[in-house]
Each structure stands twice: as structure tokens, then as C-alpha cells.
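Chain IDs A, B, C and D follow the sequence of writing; residue 1 opens each chain.
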Amino acid sequence: MGLTNSLLLAVLLINFFTLGSARLVACIRMVALQGALLALLPPATHGLSGHALFLAAGALSFKGIFIPWLLLRAIREVRIRREVEPIIGFVPTMILGALTTAGAFLFADFLPLISEHHEGLYVPAALATMFAGFLLLITRRKAITQVLGYLMLENGIFIIGVLLSSALPLMVEAGVLLDLLVGVFVMGIVINRINREFSTINTERLSALKE
Amino acid sequence: MIGRLALSLISHLILLLLFAPLLQGVITKTKSIFGGRIGPPLLQPYYDLARLFRKEFIFSRTTTWVFLAGPVVGLVVPLLAALLIPFGGLPAPISFEGDLILFIYLFGLSRFFTAVAALDTGSSFEGMGAVREVTFSCLAEPTVLFALLVLARLSDGLSLNALLGPHLLDAWHSEAGASLGLILVCLFVVLLVENSRIPFDDPDTHLELTMIHEVMVLDHSGPALGMILYGAALKMMVLGALLVRLALPWQTGWWLSDALLFLGGLSGMAVLIGVVESTMARLLLPRVPQVLIGTSLLAVFALVLVLR
Amino acid sequence: MLLLLILFPLVIAAISLAVPWYQARSWLLPAGSALHLLLSVLLAIGHFPATGSWIGLDALSRLVLVVTSLLFFGCALYAVGYLDIRRDRGNRIMVPCLLIFLSAMTLAVSARHLGLMWMAVEATTISSAPLIYFNCNRLSIEATWKYLLICSVGIALAMLGILFIAYAALGGGSPVSLQLDTLLANATSLSRPWLHAGFIFLLVGFGTKMGLAPLHTWKPDAYGEAPGLVGALLAGGLTSVAFLAILRGVQLMTAAGDGDMARQVLLGMGLFSLMLAAIFMVRQPDIKRMLAYSSVEHMGLLAIGVGIGGPATFGAMLHLINNALTKGGLFLAAGNIQRAYDSKCISEIRGAIVTLPISGTLFLAGFLAISGSPPFGPFVSKFTLLRGIFGSDRLVVGMLVLLCLAIVFIGMGTTVLAATQGEPEQKSPLFRDRPLLYLSPLCFILLVLLLGVYIPEPLQAALHQAAALLEVQP
Amino acid sequence: MIWLVGGILLTTLSGVPGLFFQRDSHGGERIACLLTLTGTACGLFAVATTLISGKDADLELPWAMPGGTLALHLDPIAATFLLPLFLIVATGVVYGLRYWPQHENPTNGRKLRLFYGLISGAMILLLSASNGILFLMGWEVMAIAGFFLITTEEHKEEVRRAGYIYLIATHAGTLALFALFALLSQASGALMFPVAHTLPTAGSTLIFLLGLFGFGMKAGLMPLHIWLPGAHAAAPSHASALLSGVMIKTGIYGLVRLTSLFAEIPAWWGWTLLLLGMISGIMGVALALAQHDIKRLLAYHSVENIGIIAIGLGLALLGRSYHLPELVALGLAGCLLHVINHGLFKSLLFLSAGSVIHAVGSREIDHFGGLLKRQPWTGALFLGGAVAISALPPFNGFISEWLIYLGAFQPLKHPASALGMAVLAAPALALIGGLALACFVKVFGVTFLGEPRSKAAAHAHEAPKAMIAPMALLLAACAWIGLLPTTLLPLLNGAIAGWSGTTGSAQLAGTFAPLGWVSLAGWLLLTLLIVTGFRLHRRSRKVPRDVATWGCGYRFPTSRMQYTASSFADSLVRQFNFGLWSKRHGGKVPGLFPPAAQFSSHTPDAVLDRVLFPAFRGTARLCRYLRARIQNGETACYLLYVVLTVIALMTFLTL
């Protein structure tokens, strides 16, 4: 139990680092790190079974390596500016992050874990990570930061998935499919940025369609 | 039954047809006396009518058959209306529940055709007269209805015979007397309006711009004009009958005495009109609607008194 | 058999990639979807057994399957004509994507397993993204981006909801399975807090896909920028599929004895959708965005119908069919109008009835139909819905719904009448009605008209069965 | 009943064959005319046999529709509305053959006929339906067909606007009816109309208010009349006749039918209708007086007459609340008879106005003038209609108003109750009558009399016989009811018996409503008029009409010096300015040697232009503001909504 909880605490800390970071590359690395840490979670929870190891490997390769690599490549190739452009400042974002984390802990009391998982920080950590992901989605302007937020949201869901990984083998792997979507996003941006037709248009904003 | 009906019909018509023009004479005479003149003889209206009926027609080339419909309706309507209203103590020959509405709407019909006939000439002056006529009458109409409601409240039927029955004498002495007094005043005002008398209209004026009724018939001539004048006289007598019966609700039961009382009352009314015409000035035209609305309010007050 | 229904569109999609002729590739669409329609009707009337633990059909899914298939067939026919005049864009992406989309929708409808259903819904998102991006311009990429991002967030939340439901089973000590029948059978023993939270996330997740306010925000952009036939498929087909997914949650909650809570939440969201749609329809200058908000409105009505329960559920089921078909007709007609004027804004569109006698008339008729005017089908379903609302003594809800419907009518009427009536400014339109492009909307509107005066007994029975599924108490 | 179904089908589909004919061929219109005539004849036959048999006729067929059956029911109440419908539809369709011929209107002729048939059939259907869904279907098909009739000439901006307002108003009304029937079906347990006089009063408040709104909107009760003036003015004249003569009466039918279902009537229902009726009547006619567009003017008169009808219905309702059978009988008979009468004379007026418009090419009264010489038949028929609508004897309008007057006098017999206030209906009616008279003097005088006011009017031609004959038929019907009202007694008595229920019904033939006497007075009046008129005519026949009108000393009068519609109405309109807010332009004559001056007045609709439009504009602005804020294009913001939804729902869950 000690290992899982310290892992989850680390995940929570990374949330704050990501929320507070002003550099895009740092953000991506943080999220990659979070994914890598989460890859440790299945073995930590269920012991070193083959299934857990497979899940860990999948998470590590997708969350920890492949998608961050795609994102970094996108930044490089499309020459996206390296700064995070916040809609609201970093400090307020972090305060909001703290508040939502507190809210996650409060709400987690309403969702009782079974005795097997008792005393784990699974639910609050999952909710807090999700909310942190949402905060990234909501408070950052660039499409690429929104992808990061989405990744973080997924990391939160993954934590819950880990709880069920032994009971529902197929389901959690399916969750990893979500990552595929992210790949599609990134590719979409990359392909279109490369397309000359769009070279003059600010796809970082994407807010022309409105009432 | 039939005989009595016929008798009543004939006596009504005789009284009406013979006596109506005389009222005009009485009014003119009263006014002359007030003006310090001898004035035309009492029977002058008859002479006028006789002369007009002998004259020939002149028609404007603008006019159509509608132009002649005015005089026709103007004459027929008072004739028919007279059959619905009791002449003093003499009950109306035709009487049924709700005939009072017919009575009012018959005059509406005559107003419609008089106004339309005036418009038929295409003259702006006659158009002006038509406007004033319909405007003032339509403002006077609610007053009549309020008065009739008061009368209907006091009686137990909805025919003019029942409304103007012998119970009026008791009503004058009861609490409702005040209401009756009020509606008497109101109806007198309506009578003046409907018959185009001072202070609402001046039948003897010579300036077309200030006329109402007279200007509408400017283009009529000969027998048509005669019919109009005769119709106007009949109308005054018929409306006057309502007023006289209300003011003098006595009834002897004898034909002759009732008829004399009625004629006396009518003459008195004519004198009163003459007095009013001699002592009052014409109202400004924009003031007329205000006076009429005021009269309606008086009538409402009377109604509230009896409904209480 | 059902598996075949899901797989063969994929096969045809593969074939279409291999076929070298443009027209032949286009015609693969109606051919495939006709077969699909035939098979799904046969399945729906019980010609083939279609039950199983992973995929199977019940009364609800039969209904949605046939409607979706029918709508797809119409759109496929339209697509042939459409792709013919859009040779500049090619059909190498459109055709296979449409077929994959069809397959994914079929899977989502027929899945008896929440996880499988979730995957299928996600597959619809991915396969429809290129369809929205069909026009390849600045606005369409933005619309696609928003569609993908918001729907993905939603789908992630739905995933969380499903996980919660699974955990509810774990917490309740029952066998952990996401198989619907098992869940329903053990519903009473599920752990309540997890179940409730799971339902909420499921609702928000699939609600995003369905377009309940305030989760609808991608709709106007996506519907507005996508070709008319894609809009028709999204508004009529995909929303119904997502609604079915939500209904699975409602079924579960009802079976667990917490149906009232689920219904309250649905009612609240439905009312909110209706009100928001009303606000957005007033003086809406863009005919396609207007249709998108109309879709939000009708999703709200569906949610309200299920939220009220009883006879209103029946009304909602009927409305699902009517809405799908009418929306299909409206979007296709709107697509034609947009083509003729090269604009979808009423500042440019005038006298569509004169320019496009058939499409313009269909657009007007579709407007009358969708706003609930007899003798069109939505009248019957809306009226049944309202009877349900008033029958359950919720006068305030009923009056609110009526008020919103009135505002929606005013707003929509302003736009539609401005577009269809009057004299067109340009004498020679860019585009004239052609049979392939008006046949499908015409058939949709006629079908809706038929449903307004005659609802066959088997259909009524099916609707009653579907509504009854939602009322199964513990 | 099979005849009625046949009639409905034939009428409804009458315009369909025309769709397959060439744009300029006569075939379509002739077939449509024939089908409609056959259809109405079938319907008339069905109604007549039902009335003669004295028993209500029923038809019930199964229908695959949730809660619906194809249930038709014919009783005297429905018959009262159906009979004028058949006549007006039939006359209108014949009139339309020459008024709106296909070859002159290739673009919209077919559309007009299609929807003319559709609206007629739908109205027959709804008047005979006894199932909620069937009624609503008929209702809405009628409403929408009405919309397409109004927008026949949709290339005109003004027409589109009128149609738009109509469509919105009617749909708002229909939505209220949705709720109404939903509530009714809940109260009675099924969508069939419940048996008359069985519904309890409990919980009926909302039902009545919804009915008042929904049906009142269609009927055009002030202040719900907003759609009416524009719509009637915009439609082709025979369509206007149908809309004004029949369609708005379906609103009254709805109210009559609705109130017949309840066992007891709360007194405030009657008071409400009475009050609304008085407002509609007085304001309607005052607004009419202020209009100078002949069809708009006639449309406002519809508001006025609906007011009169509502007064009658209000009195009848009061009679039921206070258990006064005479009041019920007089009020309802007046109401229903006025429904018939208004249908007849208003159609007549619209048709004759149509032939004037057809001849002159304008709707402005001030462009007409002197038409009686050029259109003697049209003019005479219009005059008949004008006399009838002004409720003057011996035409039919007088009879129905007379019944309502008698009803208004009834409360006087019951001193103790609060009912006394109801007598105010009588002076209100008198005022309405006076104003209507003034208005029709204006219309008839300015249109048909005097000298032509425009070149077009000077060269106007008489309408063809196919247009005159339908009008003559309508006038004959007006005169028939005016002179022989007793022939309608069985119909009215049947309707009263069917409506009044537990109050106990009084039959009209009684001493309190001696229609025979009125009839006699009418004949007497007619005879006297004819005799006098004939004598005068004989004496004046030879006189040449060769002098100019007396110009009061002015030497060169021109036709422009005639009284115009604006100046005619001015003195009366000024009295009602508190409610009309007329806009007056010019009219001031400055200085000793004044320059050219002119006067005109223009009266916008008090409710629509002064209240609703500003309110709508404000709402629209608010909506647009909210819209721009909510849907602001920022994906981040949209995702915020998702989070907020999750948080809100979770909060709901934990609370």
C-alpha cells in the first residue's frame, strides 16, 4: 500500500508542476513522467502478474514515450512557440488546482472502496488528476496544451481503471485505446500545419466559429 | 282584436301625420316671440311642405339612386318607429318584447341613408355634415341605452309599451324619481342632438361650414326635400313622445283626454326647445362630443342609482 | 447474422478502396446500405435470432437500428449525387469512412456489453471526423477539431462512468461484468454511490455525443461545416445512438430502483437544452446552425420524455423516429439550398422555393414537420409527449416546454421563411434540383407525413415494448 | 355521415388535380371548382339530413394512432358553424374562377386553389371531429393552409410579413391547444371529447385559460387579434372572405364546444368573455374607422364582430353560472346567429371589395370614388352588406344583435345578484353599432359615391357575372335571415339545448324573444320603403341629371375637394385617441395666405406595433447577447461547460 500511495502522491504533485509550468516542453515532459509513473501502478496494486506487466508496458510505451515524442516532434516541425499561453494566470490556476484537489478528496468520501483497496488514494488521486487535466484544457489557449490536458484527464481515468484491471481484463486495455485518439489529434495538427494552405492561419486558436 | 289594432293604428298615424309639422311652427313662433318679432304663422311648416311637394326635382350629375334613398328612408323610418311608441296614454299599436332595440336601430337606418345620400353628391360640405351627424349620434346612442336600461329596470317588460306604462307615475314618487329626472334631462339632450337643434346645431344658420343636418340636404330639392323636412318633423314628434310620456305619465283611459294631454305635452316641449334655442348660443363643434359624453355619464349615474 | 451486419460494411469499405472507378465507388454506398437496411429490417421483425451476450437486439435497439439504417440508406443515395458534383474533393475518403461509420453505429446499437458499446461509440467519433473535415477549409478544420476534442473528453468521461459502474458491481459483491443483462439482473445489489456517480458520468459522456445542453457546443460548428448528408447522419443517426447509450444507463438505474433520480436528472437536462436551444434559435441567420440548435432542442425533448416516464416515454420513442427522419430531410434539403446559393446565411438566401422548387418546398415542409404541425409525424409524438407531461401533473414543466416550443417556432420560422419565400436575387442559380439529390429528402418527408396519419400496429407495438424496457423495476 | 366524409375528402383534394395541369390551362381550376361544389353539396346534404332527423349523427372508425380514433359527430352546434361554411366556400370558389383565374396568375393560381380546398376540408373536419387528435389535425392543417393562402403573393414584402405574423400567432395558439387537449384528456381519461356537461369544474381554470388563449387567438379577440388585420388584407379577396367569414369562427366554435363540456361554469368565465368582447368590439370598430385600406378596415370589423359574438357567449355563460335559462338562450342564440350572420355579410363585403380592388387595382379607399355608377351591381351588393354589418333592420345583423341586446337586458330582472353589471353590454353594443355605422358610411360613401378620385377608378369596369352571382347569393342569404329569422329557430333551439345542459333550457320561440314580430316589422319596413321609393322613383324618373353639385359658392369644385377617408374618420378617431394613438400628418393651416397643406392620418395596431414589436426586438437583442457570450468560439470555454455540468450533477447527487 505504501508504494501505491506514494506513486499516487507523486502523480498529484506532477499535476501541480504541470499546471504551474510556463514552458511547453517542460509540460510535455511532466505529463510523460506522469504516464510513466502510472505505468508502475498496475504491478504495485495487483502484484507482478503477467497481465499487470502487460498493462504497465502498454501504458509506458503509449503514455510515457510515444505520445510525448509525437508532441515534441510536432512542436519542432511546426514551430509552435514554446510558451504556454494561459487564459488565466499560473497562480490562479494552481489555486484552482488545489481547490479541486481538495474537492476530490471530499467527494471521494462518498465513493467507498472495497476493503481490498482500502486506504488507497485511488479515487481522490484519479479525480484530482482529471480535474487538473480539465484545468489545462480550460485555461490554456493552444491546441497542443489542450492535448496535454486531455492526456492528463486520461491518466486520471487510468487510475480508476487499474483498480478494475484484474476484474475486467479487456476494459482497461480498451482505455488505452483512448490514447489512439490523442495520436489522431496530434497527427491532425501536424498534417494540417504542414499543409501550405494553412500556413498563414493561426490554428493555435481555432475560435472563428461562433455566434 | 283586429278592430282595436286597426283603430289604434289609425289614431296613431293621424296624430303623427297631422300634428308633426306643427311642432316646428311652435318652436319658430317661440323663438320669434323671444326675439321680439311676430314671426311666421304657426302653420307655416305645412305651407312649406305643400309648396315643396309641388315643385320639381333638380339632380346633380354626380348623384345616383342612393341620393333618393336618403329621403325615402328618412320618411319611412319615423313612420314605422311611431307605431312602436305609445303616444302619451295611447299604447303603441305594435308592441313586443325588445321593440325598443328596433326603435333605436330604425333611426340608425335613417341616419345611415341620410349620410350616404349626402356623400352621394360629392360635395365636401355635405361630406362634412355627414361626418358630424354620424359622430354625434354615435356618441349619443349609449345615453339612450342607459336611459332605456333605467326604464327597463323599473318595469317588468322589455317593450316600449311596458317601459312607458302607467307604473311610471308611482316610480316618480319612489326612490327612482331622481333617476327618472336625470334620464329626462339626458333624453332631452339627445332629442336636441338628434333633431339638430341649438346648442348642437343651428337649423336656421346660413353658413354651410357650421351646419350639420342642413348641410347634408343642401342638394335635395322639391318633393325629396319635402320628404326630408317632413321626416325630420315626424322624427322629432316620435322622439318627443318618449320624452313627453316620461315627463307626464298620467293616463285617464279616455282617448280624447289622453290625446290632448299628449299634444299639450308635445307643445310644451316645443316651447321649451324654442326657449333653449333663444337663450343659448351654439356650442363650439369640438365641445359637442364632450357634452355628449358628459350626458352619458349622467345616464350612467342614473342607472347606478336604480341598480343599487 | 448480426455480426455479419456489422462486418459487411467494413468489407465493402475495403472493397471501395480497391475499386478504381469513381462512380462505381459512389454506388457501392447505396448498394451496401440497401443490403444493410434489408438485413436490419429482417432482424428487427425477428426473422433471424439476434440475441447474444456480446451483441444482440432488444426492442430499443431494434428501433434505433432500423431508423439509423433507413436514414443511412437515404443519405447514401444522396451521397451518390452529392459526390458526383463534388468531384473536386474525391470520394476516396468519404465512401469508406461512411461505411465504417455505419458499421460502428450498428455495433454501438447492438452491443450488449457496455465496454463494447463504448468502443463502438468512440469508433463513430473517429470515423466521422474525416467526414466533417470533408470540405478541407479553415472552418471545417476548426469544426473537426472542436468535435474531436469535446467528444473525446465526453467519451473519456463515459469511460470513467462505465468503470464506476463496474466498480459498483465490485463493491456490491456481485460478479463483475459489464454485460448488460448480467448487470440488469444483479442491479439491486450494485453499490449505490458508485452506480450513481457512474450514471452521471455516463450521462455527461454520451450526453456530449448526443448534444444535450450545455454539452452541445460542438454541434453547430460540426453540423454547419460538414456536408448536408453528414449533418443528416449526425443529427438523425448518431444522436439516436448516443441516446440509446444513455437509455442503457437509465435502464440500469431503473432496474436498481433509482429510476426516479435518473429521470429527474434527464428531465433537468432536457429542459435546459430546450431553453438554451430556444435562445439560440431567435434570429439565427445560418440555416445549418439553426438546424443544429433544433437538434439540441429535440434531444432535449427526448430527454424530457424519458425523464417524465409513463406515456411520455412512448412519445419520446416515437419522436426519436420522427426526429431522425425529419432532420435527415431537412439537412439534405438545406445542403441543396446551400449549394444553390453558395451560402448558408439568410442574408444571401432568398426565394429558395423559386430557385429550387422541390428542395425549397421540402425545407419548408420539413420546418413545419419538425415544429410539430400536423399532419406530420412529429405532431403526434410531441402531442403524446405533452400528454404525458400534463398527465403526470407537471404543469410547470408542461408550460415551460410549450413556451420554449413557441420561441423555437418563432426563431426557426423567421429564418426558414426568409430563406424560402420571396424572389431570389440571382436569376440563374448555381445549382438546380436533380433527382438523386431530392429523392431521399422527399422520401423522408413523405415517410414523416405517413407517420403523422398512420402508425402501423407493429410499429406501435415495438414502441410500446421499447418504452416498457425502460420501466422494468427491480 | 358517409356523405360528410365524402364532402371532406372531395373538398380537401379539390386542388390536387390542378397540379397536373399546365400553368395556364383552365382545366385545373374548373375541376377544383366542380369538386369543391360537389364536396360542399355532399356536406350540406349530410348536415341537412342530420338536422331533419333531429338526432345527432356519429361516425367512429378505428385509426392506427395512439389515442386517436376517426370519430366524427354532427350536432346542431356543429351544424350552425358548418352551414355558413358550405355556402361561403362554394360562393368563394365560384368567385375565384374569375377573380383569380389561372391564366392571369400562372405562378400562384394552383397553390391558391390547393390550399383553398385544403383549408375548407380541414375546417369541415375540425368542426365535426369529436376526437382530440383529429380536431388538432384539422385545426393545424387549417392554420397552415391559411398561412399559404395569406402568402399567395409571397413576392410582396408586406404579404410575407403578414403571413409570418399570422403563422407565429396561430402556432402559439395551437401550442396552447396542445396543452388544453392534454389536460382535457387527463380530466376525462381519453382523447375523445367527453360527453357534454360531465366535466367537473375542479382544475378547469387552466383549461379555460388555455382555451381562451388558443381559441381566442384564432378568433381574433382583442388583444390577441394581432395577426388578423395584416393577414386578411394580404390574402386574395375570396380567401379573405373564407378566413374572416369562417376560419376565425372556428375559434368561437372551440370556445362554445369547450364550455359545453363542463357541468358547472364559474362566473368569472362569463365575465372574462364579456369584458374581452366589449374591448374587442369597441376597439375593433374604432381601429377599423381609422383604417383607409379597405381590406384592413374590413379585417378590423372582424375583430369587432368577434367581440359582439363574445359578448353573446359571455352572457350565455353568465346565464349558466347564475342558472337563468332565458339568458342562456338569448346569449347563445345571439352568439351563434351572429356567427352565421357575420360569416355571410363579411364574405359578401370581402367579395365585393375584391371586385372593386380587381377593377381599380388598389386597396386604398382614397383611390376609389364614384364607383356606383361604374359598378352598379357590386355597389348595391356592398351597400346591402354594409347595412347588414351595421346591424340595421331589415337585414340579418340586426336579428342577432337584437337577441344579444335582449340578453343584456335580462339581468335587470334579477335584482339581488352581482349580475347587474352585465347590462353594460347593452350600451357597449350601442356604441359599437354607432361606430360601425359611421365606418360603413365612410367606406361606402368614399368608395362608391361622389366623383372618382383616381384615373383607375374613373375607368373601372363592372365585375363579370360569375363574380356578381355569388355575392348576390350571399346577400339573399342575409336578407333571408333578416326577414325570416324564425326559419332558423329549430337549429338554434337544438344548439341551445345541446349546450346549456343542466341549467335547463328555454326555447327561443317563447314570449321573451318574439322573432315573429321582428320579422313582421322587417317586412313592414321593406314594404314601406319599396312603396315610397317606387313612388318617388316614378316622379323623378324623367328628371335629367345635368347640373353640378352645389359648391357653396365655389366655382370650380374638383374631385380632390371631396371628403377623404382620413378627414371623415378624424372627428371620431380623435375621441378614441387614448387607445388608438393615431399618427396625424399635416392638417395645420398657417398664416393668412396659407401655402398648400395636406392632411392624412395613419393608425398602427395598438397591440402589435406598440407593444409586441418593441418587446420582441428587446428579447431578440437579449438572446443575441446571451448567444455571443455562451457560444463564443473558445473550445476551452465549451469544456468548462462540461466540467460545470459534471460538478453540478455530482452536487445534485451528493445532496
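The definition used in the following text is that a residue touches a chain if its C-beta (ideal position, glycine included) is under 8 Å from a C-beta of that chain, and two chains touch if they have at least 3 such contacts.
Please read these numbers as outputs of a predicted model, since none were measured by experiment.
In this assembly, B is the chain whose CA centroid lies farthest from the centroid of chain C.
Of all chain pairs, the one linked by the most C-beta contacts is B-D.
Chain A and chain C have CA centres that are 31 Å apart. Centres computed as Cα averages put chain B at a distance of 77 Å from chain C. Centre-to-centre separation of chain A and chain B, using mean CA positions: 99 Å. The mean-CA centres of chain A and chain D are about 68 angstrom from one another, to the nearest whole unit.
Contact of a single residue of chain D with at least two other chains is seen at positions 624, 627, 630-631, 635, 639, 642, 650. For chain A, residues touching at least two other chains, in rising order: 110, 137, 146, 206-209, 211.
In chain B, no residue touches at least two other chains.
Here the chains touching each other pair up as A-C, A-D, B-D, C-D. The residues of chain D lying in touch with chain B in their complex are 369-370, 372-373, 383, 386-387, 390-393, 398, 401-402, 405-406, 409, 412-413, 420, 423, 426-431, 433-435, 437-438, 440-441, 444-446, 448-451, 511-514, 517-518, 520-521, 524-525, 528-529, 532-533, 536-537, 539-540, 543-552, 557, 559, 561-563, 567-568, 570-572, 575.
Put simply, chain D touches chain A in their complex at residues 624, 627-628, 630-637, 639-640, 642-643, 650, 654. Listing the residues of chain D that touch chain C in their complex gives 63-67, 133, 136-137, 140-141, 143-144, 151, 154-155, 157, 160, 163-164, 167-168, 171-172, 174-176, 178-179, 181-183, 185-186, 206, 619-620, 623-624, 626-627, 630-631, 635, 638-639, 641-642, 644-646, 649-650, 652-653. Against chain D, in their complex, chain B makes its touches with residues 56-66, 68-69, 71-73, 75-77, 79-80, 84, 94, 96-99, 101-102, 104-106, 108-109, 111-112, 115-116, 118-125, 127-128, 130-132, 134-135, 137-139, 141-142, 144-146, 148-149, 152-153, 156, 158, 208, 218-219, 223-224, 227, 289, 296, 303, 307. Residues of chain A that touch chain C in their complex: 110-114, 130, 137, 143, 146, 150, 153-154, 156-157, 160-161, 163-164, 167-168, 170-171, 174-175, 177-178, 181, 184-185, 188, 192, 198, 201, 203, 206-209, 211.
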